[in-house]
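In this document, chain identifiers A, B, C, D, E and F correspond to the written order of the chains, with residue numbering beginning at 1 in each.
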Amino acid sequence: MTLFRRLTGLMAALTAALMIGLAAPAAIAEDNPAPAAAQATPAAPAAAPAAAPAAQAAPAAAAPAAAPPSCSSTVLEKCTGNSGDTAWLLTSVALVLMMTIPGLGLFYGGMVSKKNVGDTVMTSFAITCLVTVIYFILTYSLAFTGGGWFIGGFSRVFLQGIHYDLASGANTPNGLAPTIPETVYMMFQMTFAIITPALIAGSFAERMKFSAMLWFIGLWAIFVYAPVAHWVWGPDGFMSAANVDAKGNFQGAFQVLDFAGGTVVHINAGVAGLMSCLVLGRRKTPAPGHNMVLTYIGAALLWVGWFGFNAGSAVSAGLQAGMAMTVTQIATAVAALTWMFVEWAHRGKPTVIGIASGAVAGLVAITPASGFVGPVGALVIGIACGVGCYLGATALKHAFGYDDALDAFGVHAVGGAIGAILTGVFAVNEFSGHSGLLEGDVGQFINQFKGVITVAVYDAIVTFIILKIVDVAVGLRVSEEVERDGLDLALHGEVVH
Amino acid sequence: MKIVMAIIKPFKLEEVRDALTAIGVHGLTVTEVKGYGRQKGHTEIYRGAEYAVSFLPKLKIEVAVDADIAGQVVEAIVAAARTGQIGDGKIFVYQLDSAVRIRTGEKDKDAL
Amino acid sequence: MTLFRRLTGLMAALTAALMIGLAAPAAIAEDNPAPAAAQATPAAPAAAPAAAPAAQAAPAAAAPAAAPPSCSSTVLEKCTGNSGDTAWLLTSVALVLMMTIPGLGLFYGGMVSKKNVGDTVMTSFAITCLVTVIYFILTYSLAFTGGGWFIGGFSRVFLQGIHYDLASGANTPNGLAPTIPETVYMMFQMTFAIITPALIAGSFAERMKFSAMLWFIGLWAIFVYAPVAHWVWGPDGFMSAANVDAKGNFQGAFQVLDFAGGTVVHINAGVAGLMSCLVLGRRKTPAPGHNMVLTYIGAALLWVGWFGFNAGSAVSAGLQAGMAMTVTQIATAVAALTWMFVEWAHRGKPTVIGIASGAVAGLVAITPASGFVGPVGALVIGIACGVGCYLGATALKHAFGYDDALDAFGVHAVGGAIGAILTGVFAVNEFSGHSGLLEGDVGQFINQFKGVITVAVYDAIVTFIILKIVDVAVGLRVSEEVERDGLDLALHGEVVH
Amino acid sequence: MTLFRRLTGLMAALTAALMIGLAAPAAIAEDNPAPAAAQATPAAPAAAPAAAPAAQAAPAAAAPAAAPPSCSSTVLEKCTGNSGDTAWLLTSVALVLMMTIPGLGLFYGGMVSKKNVGDTVMTSFAITCLVTVIYFILTYSLAFTGGGWFIGGFSRVFLQGIHYDLASGANTPNGLAPTIPETVYMMFQMTFAIITPALIAGSFAERMKFSAMLWFIGLWAIFVYAPVAHWVWGPDGFMSAANVDAKGNFQGAFQVLDFAGGTVVHINAGVAGLMSCLVLGRRKTPAPGHNMVLTYIGAALLWVGWFGFNAGSAVSAGLQAGMAMTVTQIATAVAALTWMFVEWAHRGKPTVIGIASGAVAGLVAITPASGFVGPVGALVIGIACGVGCYLGATALKHAFGYDDALDAFGVHAVGGAIGAILTGVFAVNEFSGHSGLLEGDVGQFINQFKGVITVAVYDAIVTFIILKIVDVAVGLRVSEEVERDGLDLALHGEVVH
Amino acid sequence: MKIVMAIIKPFKLEEVRDALTAIGVHGLTVTEVKGYGRQKGHTEIYRGAEYAVSFLPKLKIEVAVDADIAGQVVEAIVAAARTGQIGDGKIFVYQLDSAVRIRTGEKDKDAL
Amino acid sequence: MKIVMAIIKPFKLEEVRDALTAIGVHGLTVTEVKGYGRQKGHTEIYRGAEYAVSFLPKLKIEVAVDADIAGQVVEAIVAAARTGQIGDGKIFVYQLDSAVRIRTGEKDKDAL
């Protein structure tokens, strides 16, 4: 009953949003280049770290075609940028979506009790759908268009005008990805906006109401993910390496290096996870995962998809993508072995879930570093996060007694922080135009700390507020009976036969 | 008639089945069960934590037999199921009032 | 016994086909450019909607290299078209194959009883293999080479001459995909020819003989899929947007917009499914799906792979691919949420299979529209098919009492029709050079109806005939005992332990 | 205890390796172009079969940009080669990694007993990690840099200097893949170095100690895979088609055609598998596979990923990739149907594991041939290996009584040999610049035999020695109790609930 | 009181359940078991080899009933579970000393 | 000797096991069963349709004990397994003729 009433509210809300969508005159929403032209944000020849390559590559790539290509009136003679870069980014969108569905859902699904596996995989699936809608209506614009230091603008609400900007050549507002259609860049960033909240689910698994989860994630995507993404990756975010003037001088507060999402994605998700399990409280009877084969499949698909995540963040198919892929592979393998051996030494046996968790820890830690460090940096990062995340998922958790069910905090926040900070140590100028501590740049090293702390603090506070609001509004936690009998049957009317 | 109910280690099923056919018992029913007793359980490892599992997989075999061969059946099972290690299991024998073969309606001995 | 006799027949048939393959002189089959040169079909500068982009992009793409590149005698200095477009299409082939195996097999496999899951996944796998053989020997040529309004020619039987056409520059018979090797275009289209019959299996699941299924699908691929694909996508099909003369004037009967297969794939499969469940009759004891985790994995891989299906149909890595991917994501997410909320309101609970089914419904409905509509059109299509397909899988089915086991008709025919018709409403000229009702093109709107009806009627009749023939020849349905004990053990000698 | 002691040894060893990594001055390891410049290996305009296309394509591809592009001092204006080729190879890396995890692990996992599925999937995962480390530290350099006929050099140990070579234009040591960054080529080859030892596991499944497996595979990767890869694909290997002088004259002993790994990967893995099951002995109580759905998923992902394996081996996104993909699809489908029908005739039923095994057999056999043969060649190869591998997994195995648990030898060695030899029959000069027996080249046909035998003999001997050493050092086989209770619980402390 | 224990073919469960409710028996307990007897098993195929499986899936139904309706219960089950083919199963009846309903503590007849 | 057979709610297993060990019973055998009775079943939802499931998951516990502690065992189980809601289950007690420990061949009381 109450569930049903709340659900109706939820439907109302969403439908409203959708209707606004319909309301927005198709004309504006789709046909009018004006707004695009209107909002001129600083061109970013050396935009975001991720964009830098692409940006600089642009001339090179376009060169033969006498850049910039003149764009005619029909769609397809519009300059389609670099078809190789575009092909790789289209592929990366598919790879990163695969990380969340089915990847993450299975990785988590194998670690819960059999009676909750359906709810767990459905959480990943529903978040994918919900965030897609919120993002195309609102948060893409808030995060990735020019506005101010703290939040972007509304020029891309409902993706209006997104189709035209490559045509406007140099003045594209999408300096973040100059050689590909903005639609593709938008889709690529969407997959990041999807997986981040999906990661949080690892902390509140097996006990949060499905309806509460939808409210929580929806609000979090708007009030936490969008601003943080803008700060770090937006054209004028206050920590964003893309926030430079025409001469390439940094215009923000302090510049943070985050190639593919150590702070925006992993620390952000991990800290939100910690808050959620603190607010929810412990599960009644935690049990070992019910099926390590599902976890194996999930970890493997996360690894494969992560090539799109990290190498795709080069926003081009070239040298930087190649090195990003290389260091991703190395750090992941090293971290997986490290976790396996540490657990083997600690508990006497190497486990499937252990090596899989170690691989994910490595993927997390190399994420912010992937465009900046080299093979040896990756090796060290892999060892560091293999040990660090194992402790995060065991000693740390047990010491404080919170029930981070699937270790979203222990792996993603801890691993993300290790990676973000070591990026400030091992960044190699030759690869990325940025140096780390080893190359003597102390300032960058300190900025990395600043970035981690800023994001963690903001995230913790706002997430806590959102959780409290949702708790009052619809109630966060399922009843004891539901938790005991399993969320699958009680909330979804389904069971694995 | 008697029902001989034996709890045995799973990997002993084939041997017990053969021992019974050897003495002319051609029907039995097997159930997967979990047993708790003297035999110590094992531990599962999950994310660096250990979980003790005290219920161990066993098989329950039920055989309805004529009273006068019950003893023989018990001996056959003991001989086939024994490993000598803790956890080999138990055999319980209890009275069976009547038996029917569903297919034919035959009763008691004829039903076995 | 009889099964065995029939099987031998089947083997004989196939082996025969294979042997013909061997018979065909390797010379002709592989080395002789003549046939290719011989059959000159209308160059299609604005070929199929799908091709249009590529076609027009061609000059742009080729431009820097002073188009058309002169082709020398050794293989690799032959003009390899645009490597970026080719890279994306090679990737799309992998993505679309992944939709059928393992995607569709798992989506379906999770919704049947545990005792039939093996037969269900094997059906997808076997269809993949069977259609591959039929297609490369015969149906690629029948569907995609010039012949007449109703069926293509034999110039590509055994793929003869396929390797040479890019070399022949402008006169390529493959005007449908001018910037990529014809082999790649052939492979891309093959994956569509595979998944279409595999979708039908959703209707006859859990009761059709495996041997009968092979006969049915083999004949259907030849007598239904090949002609319909030619009508809508062939260089000179009577509804094909590619059927234009040198001046770009339409040469067919009426032009239907079907970007990636609303009519050719989904309505076609759905209607055939309806016929098959009508002819087979109901299952004895239908039960709820045995494992929603498999269905979750399948739906997720379908979604990921569908990017290749829709964005790949741009046959290029550029603006149109980007927008096609964008609207695919939006429609899918919206439809999934719509189905989930409708079921939640109707039955009191949101289900895993429900949200997964809604996602597939959205993917189906956006398929014909993906290259033509924008974000807002996608939003409306998503809501429409979310509701429509839910009703198709519930009210409609129960009203008529046919046993569309996994709703191939309820989701694919209904969703395909909704998408095909709404394409005629929301098509945006700016994106595709085609307008819909909203932009005042009533004719196109009417053509979409014509297309849907023509395909549905032809499909229904021919499918019915094929089913009756197969029933007489080998018998369509398994015995009651087999159905009761499960097809896995009885037909395949395997069980999930 | 002893297990633990051995494990500590293992940890020590690995850690040592890792530390060396740290020891290696970051300077050399990452910043110094010198070593790269230093080692000049023969440029390979017509390098490896795999490279040939790319090599020759280079000018064509680069042409528009006035080859070779001048390279500036900052990373990204360095010539990034052909972005389309690079996009396809980046994608191929993801596809081929997906073959091993989750692909192969699931294909094998479904064929073992439920009590061993965790150990089986973990074996694939752990091998992926272990080989990654060994390869980037040592074996990439040993296999793919210039050294001598039998083994390469140390110039790429720890991947030093790998980032610079495209910058050095024509003098790149990476003549094997001139249009893509060497990092991407290295990653692509890494995925081959990973899956090869993972395939061996099919033979020793369900009874080898996990610790022994790590030692065995680690040594095998160094002493068998690295040299064999160098012989066949190295710039100066004694069978390598890439081993040519500036004028393109062959400089090795005899030239073997192996497009994507018939000898290097499949015969190599299969023969090693045979040795391992001979040394280990039979399982106590072999049982039928416990879950054909897992095997179905695995086979499907292997198929999809194999497009990266074979079409990726063109090291370019062009005509050759397209034809390689085409023949891969044909041979696989034909082999799958062949196996299915043969088993149907033999045992009266078509099985899921049968059709899946046939598909893998087809993929294996077409691997060496994929860049050289055409559709009709693929058809014959498919039939041949479908029959041959079925016999290999049944009659052959039963005749000799070895317990090749999951038929690594029966499928991979037999299929690899069939493919390697038929490559020498059906190679078409028009496609690859190489002719087979049908085109009158008897020498090449004989060379294929020589290649197969040389690799098989070397492999058998060295694998045997390694196994004996590991047996003495840590013991190869688990105790009877462990085998009886299942490796999952005994070795990993996990069970599928 | 008696316990009627029946081994039946799985697909007969619904019919047996209905037959029992029809005669006023509203409670029973079902267990998935594997049966070995006259009925020949099936064969599984794996990589061209055949594996004989002699234990077949059956269901065990246990019903505690008042002694005087035991006979009626047996007949009802026989009628509902019979297909006439080998493997229909058996019915075993044995003495029940006492019964308790956990919820209420009610004893014997009242507990059923 | 007696066999005490209890049908309980699954999540009560640990408590029952502890209650038994508390009174010195250190062995028991557990079987996953499905129960049908007064307690109403649940419904599953599949593609907008509802499927009623009347068989609910229960656990069957079998404990062989010396006759004179049988009553005590029953009470212990009742106390531990009761929630007071419909579906708590039943306890059945019946006569056991003899018991054997397979490992040692010990008989009757010594076998328990």
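Convention: contacts are C-beta pairs under 8 Å (C-beta built on N, C-alpha and C of every residue); 3 or more make two chains touch, one makes a residue touch a chain.
Predicted model only: the values in this text are computed from it and were never measured.
Engineer: Quick one: how many steps at least from chain D to chain E, stepping chain to touching chain?
Structural biologist: The distance in steps between these two chains is 1.
Engineer: Compute the shortest path length in steps from chain B to chain C over the network of touching chains.
Structural biologist: The distance in steps between these two chains is 2.
Engineer: Once chain C is fitted to chain D on CA atoms, what angle does the rotation have, in steps of 5 degrees?
Structural biologist: An angle of 120 degrees brings one copy onto the other.
Engineer: Give, as an integer number of Å, the spacing between the C-alpha centres of chain C and chain A.
Structural biologist: 33
Engineer: Averaging over Cα atoms per chain, report the distance between chain E and chain F in Å.
Structural biologist: Once rounded, the distance between the two centres reads 18 Å.
Engineer: I'd like the Å distance between the centres of chain A and chain F, where a centre is the mean of that chain's Cα atoms.
Structural biologist: Using C-alpha averages as centres, the distance is 49 Å.
Engineer: Give me the residues of chain B that touch two or more other chains.
Structural biologist: In chain B, 31, 44-46, 50, 94-95 touch at least two other chains.
Engineer: Hunt down the residues of chain D that sit against at least two other chains at once, touch-wise.
Structural biologist: Within chain D, residues 64-65, 82-85, 87-88, 91, 288, 297, 347, 349, 351, 353, 492-494 contact more than one other chain.
Engineer: Would you mind giving me the full set of chain pairs in touch?
Structural biologist: Inter-chain contacts occur between A-B, A-C, A-D, A-F, B-D, B-E, B-F, C-D, C-E, C-F, D-E, E-F.
Engineer: Okay, in this complex, where on chain A does chain F touch?
Structural biologist: 484, 489, 492-495
Engineer: State the interface residues of chain B toward chain E in the complex, per the touch definition above.
Structural biologist: 3, 17, 26-31, 64, 94-103, 105, 111-112
Engineer: For chain C, which residues are in contact with chain D within the complex?
Structural biologist: Checking each residue of chain C against chain D gives 3-4, 7-8, 10-11, 14, 18, 21-22, 24, 26, 29-31, 64-66, 69, 74-88, 90-91, 93-94, 97-98, 101-102, 105-106, 109, 117-118, 121-122, 125-126, 128-130, 132-133, 136, 158-159, 162-163, 166, 180-184, 186-187, 190, 210, 294, 297, 491-494, 496-497.
Engineer: Which of the residues in chain C end up touching chain A in this complex?
Structural biologist: Checking each residue of chain C against chain A gives 52-53, 56-57, 59-61, 63-65, 82-85, 87-88, 91, 95, 113-114, 288, 290-293, 296-297, 299-301, 303-305, 307-308, 311, 316-323, 325-326, 329-330, 332-334, 336-337, 340-341, 344-345, 347-353, 355-356, 359, 374-377, 379-380, 383, 428, 430-433, 438.
Engineer: Which of the residues in chain E end up touching chain B in this complex?
Structural biologist: So the residues of chain E touching chain B come out as 2, 6-8, 31-38, 54-55, 58, 60, 74, 77-78, 81-95.
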